[in-house]
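What follows is a pair of complexes built around chain A, which joins chain B in one and chain C in the other.
This part shows the complex of A and B:
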């Protein structure tokens, strides 16, 4: 494999507005419930002793959002689960579903990121293709172009990594352990994120 | 559908987990409890005899759905729990070491277990079966280059294991009772095709032979003894001689069973509150007009869909065209439909090369099709079988013609294969 395309997300900049999701849904004309991209709102916190007033408990809470689509993983579990070989990984790293071959069995829903989406009307699985139709046009992916916070990017994962030195590969709460599928997702973690440790996502 | 009912699902395989999923899709809002004997989230079994044996594949890559799905869908999981009985009068499931669980409706998806051979020496160490993750891990421990592996049974699991093992440098012998490979499911042309492929890769095939016993040294298997007196030396043995439906729980509860739990075309057992799906059932096929028993992932998923609808009071009948697959080396065998009753077989393409397809026809109607590495024609065949399409065998036979040209008349009812 010569290249691995993937997404970059700046979780410090993402405010969870979901314009990315809407732009994607609009472009692909997806029905209600079928979302190639999702925005996860992650909240956390607990009560802590107030150092200034002993005996008093104060809430320490925080929240952030993550915009997630198909992570075009290095070792995708969807591809292995597909009984009819409808899912393939291209030389550019994209993981694509061939709707002509898909039987709609939904076994690719084993994806820990819920990327494959069943389109009931078509009877097949559908998924983010990294806007493969825009290849070579220089245009940005629908979600990337729509983001008012400029929090999303799509490109060669090594170039994105060089550009965003503070980004980590996939492992941000509440996402799955990146060791499972080695997602091609770089995230600049929100300052309150817990970063999961997994294998590094080496491009072979 | 606001409900305070409790649906209990027994089993941790495809049938049970897909039923849970479909119940939520049906809008069922009550309590769902899935009880599985296995300590893992319901997981994918096909990799167990392939990638699982020859890599360090672990359970984290195998779940059918990840933990977050069950949480989000409010599906309670009781994993590693053994159901000891069903009290139908009290509508209660007894679970070892746990409080009993009351149900309003129950699904049994207990699957099957691998057949073990009742022959001398079958208790020796080194004799394996493969159905669970633990079976795979146990067998993988003996997978070393040069190790002699004897596989009893040339069905899907036996041959898939043979392909994985020979690729990992093991010395593989397959022993098969019938005269050809996959005789229960595939045409002779396909058996020959796969036999050549296995032989070319160094697998030894011993057809028309049965295992009569195992020879051991210090409690470990050393050889398989065949009916003709041959002694096949082995460090490791896989018994891949089929599956026995696991229906003892249902039988003990007094449900009608005939070699499997008898269900109707809506997956209901003889108790209207109890449904069953998957390998453990015998079901009447609307399509085939008789009671059949299918051991396949597809059938478990489809019965789960039908059962979930039925549990929610919706009448969905099991009228699906079944499909099957097997991955060996870089070959993907795909079969759609059941062949019985055919009056003509058409071979399309060169049966010596991947891409060929075999069509079973009855009065020109397509009943079944099997193919190697040709997923597009497989899909087309599934649509045709679903629509009872008729084909012109002369055109079909000639791969120079596009497949579409073979169909007689235009059928507007063509439907995707996976939809029931």
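This part shows the complex of A and C:
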């Protein structure tokens, strides 16, 4: 493999507005329940009695949103699970499902990011392909182009790392342990989030 | 709320949206075949992008475009017409904008004119409205019915029997020429801010320029959520300020996504208690201020530029006791409004109130950014004056990087409009060069005004249903005015759903002799009508011009042919005029295509000098021929074809240019040379004009200074005994916020938005647990006015004692039980006006219990109301 494409998410700027998701759903005409991209909303904490003022309750909570699609992983477990070899990894690192080959057995739903989505009408699994159809057109990925916070980018993961020095490779809580699939996901963490380790830098 | 996008409905109702829409076929902007777009191109260059309007009135503006292939709308896009930079940002759309295609081409778009099966002239089984079957009719029959009923009712009862509340500019021209109609007045969105903008000297719009704003060091984000309400540029602008190191404090009952993104601290307070908090802060500053050792108050600004803060600076003729300082210190009634007093009402600990006051006072460059929401409270008539007083005393008016910013409608980027055209984002006025057509019934020029004071033949928004039912309304001087309303004409908005006391609204709609609705969908107005006229969306008309923020002008083009038998409002107005014996040229003095071209030709852009304007577009004789319009060639900044092609013009900006703006800067420097448009010429903390207008209407009596009045249905009303703190029958408050799924009632029926943003009732675990309520349960919400069922989201994001039911969801009334299954907040809200006749939506009290009946169907399953089943199969 010559390069590894992947997504960059600025989780400081992401506010969960879901424009990315609607833009994706609109472009792919995905039905109810089929979402290549998701906004994960994560809340921590609870309300406590205020130590200084008896009788008053105060919040000790924090929260943030993460917009996540297929992470076009270095070691995709979906690909390993597919019994008919419908899933392949392209030279550019994209993980793609061939709908002509897929039999809809759903074994690829072992993905810890819930990326493969079963389309009941088509009888096959579908998934974010990084808008491979737009390659060479000059257009950006639907989600990236639509983000009003400019929080999403898609590209060569090494180039993205060089551009975003503060970002971490692999993700933040509550995403899955990046050791499982080595996701090509670069995240500038929200100030309240815990960074996950477990993503090695190897791009084979 | 569950994460948007997480599968909600395991049983997909619309398996493949295009397949459901198949009935339309090519030619109506629909897709012919469902396509597996995996590994397919986005059109392969066969189609073209067309600038596509988004007009629902959220108060923000994004740029949308539609990709059209062979007349079929394939997908949505947003602004990529310029290279994106902070100096000149693309005007990117929000989730609602990106859902336009799926919304406008949903399975529930109306296709044909319809009448109610049991309708007869004069009504005909009026009680069946909302339950009757629908019958498809021809346009000729539909227009004959409408004209016939208008004539009959005018002849029998006079023009004032025709209620056409904010009917829209086009229908208003026809009805105005026919002798007029009864209209409505009052503030929806702005709560009590509207009179404040007009009478205190704190005008509208009033934000500083964005390059100034992003250098602010401290923001109090106060009861505002632009990420959901005015999505797009405001949140992006705040993000620049955060990157510049600004500190953000949230003051709100709800920890919303705007705060998650920006804020360092969250200070929860109860709905309707902002006024009490402000008074507690003012008290703190008054008792702690020491001009020499601990300067907290900007006495210089207060003394030179305001009236009403203390007894030494009162307007002429004022009662000396009517000054804010004495009131807050409790000098006249022995009740100081100190932090302890405020804490008992607003729920924030006293020490936190003092901390907030000091923080705001000590920061040189601070901004309070708030919304209409804080003022959509019963009895909140002087709340804006309290905000103005706090901002003034902490020295944040008229200074760089400081401000009081209200409503993100113009928010985060203030100053003169730099690109001027149709200066409305959603309410298109009709032919701009044509003389307005007066409405003789209420002596008003055109309908749709947002008057804040009563006038003849014009009913307060809280009273339009009771006026129908009871035969009277409140007049200019608070007097009871008799009225005999016999007909309701809806051609704009969603009155049944979006005004308080929806159940009362339904009763009113069943009382009159005739109800007609023009709409794209079966909204609640249409459901309770006799005649429904299907109208085109703006995608199906000859374009539209509107401003974006102050730096953009948008020109949208026709995207698709009219859908089935839909006709636009203008055509309906003309056909109606013909039947009423009115000259159709009054309604349509020239074609809409010509009108839009006129608006483009009239568009102006500010020159680099920051003072003068030049035409935006160059027009040649060839252009006039090519566009097939009349006009005069002119020289402008870009070609008319470039503007049409791109659909948007952005004026170039950079920090330090001549377009910067700091609101009230000149006034602060020299108030005598730059007086405000108030009685005193100063900023009025003591505002007799507001007290006069409220007291004249007579729903409540107020003082001219911002003295706190508990809301009719606020926190205090949740107690049966306030002194002993014994809770009453309705112990919880409801915060009636704007939700991401919709802009008011618009988009609410879009399946995609329903899937991603379920309409949930929100409550804290501390309130849910003792009621045996768990996350995801169906709950019954009861107020003094009605009952609603909803699924609950239990979360610490909301303050204990406060719950949320967002506004705008379509009513789905079970007539047997009187319970609304649609989650319409106006079923819970009463229609009793206070003060200046605004709507106090955020003052609402309820009790909640776990629902033991059948659970609700999902929002996706209930998305569409389809009246003619056969025609849509």
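In this section, the second predicted complex is superposed on the first by the 188 of 204 C-alpha atoms of A that agree within 3 Å, B and C clash if a C-alpha of one lies under 4 Å from a C-alpha of the other, contacts with A are read in each partner's own complex, and residues count from 1 in each chain.
Operating definition for what follows: a residue touches a chain if its C-beta (ideal position, glycine included) is under 8 Å from a C-beta of that chain, and two chains touch if they have at least 3 such contacts.
None of the values given here were measured: they were computed from a predicted structure.
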Requested in this report: Quick one: classify A:13 as touching chain B (first), chain C (second), both or neither.
Outcome: second
Requested in this report: Quick one: classify A:89 as touching chain B (first), chain C (second), both or neither.
Outcome: neither
Report summary line: The answer to whether chain B or chain C touches more of chain A is C
Requested in this report: Could you tell me if A:72 is touching chain B, chain C, both of them or neither one (first, second, both, neither)?
Outcome: neither
Query raised in the report: Given the touch rule stated above, what does A:129 touch, chain B (first), chain C (second), both, or neither?
Result: second
**Report entry** Partner chain(s) touched by A:56 [first = chain B, second = chain C, both, neither]
**Finding:** second
Query raised in the report: If you stack the two complexes on chain A, which partner ends up touching A:107: first (chain B), second (chain C), both, or neither?
Result: first
Query raised in the report: Common interface residues of chain A with chain B and chain C?
Result: 124
Requested in this report: State the interface residues of chain C toward chain A in the complex, per the touch definition above.
Outcome: 1-10, 12-19, 31, 34-42, 62, 75-78, 80, 84, 92-95, 98-99, 101-102, 227-228, 231-233, 235-236, 239, 242, 255, 257-258, 260-261, 266, 268, 343, 347-352, 740, 751-753, 755-757, 764-766, 795-797, 799-800, 860
Query raised in the report: What residues on chain A touch chain B, complex-wise?
Result: 75, 77, 80-81, 83-86, 100-101, 103-107, 109-110, 112, 114, 123-124, 174, 176-177, 179-181
Query - chain C contact footprint on chain A (complex, rising order) - result: 12-19, 21-23, 25-29, 31-35, 37-41, 43, 45-47, 50, 52-53, 56-59, 61-65, 96-99, 120-122, 124, 126, 129, 132-134, 137, 139-140, 142, 145-150
Query - Complex interface listing, chain B residues touching chain A - result: 44, 46-47, 51, 60-66, 68-69, 297-298, 301, 323, 325, 332, 334, 375-376, 378-379, 382, 416-419
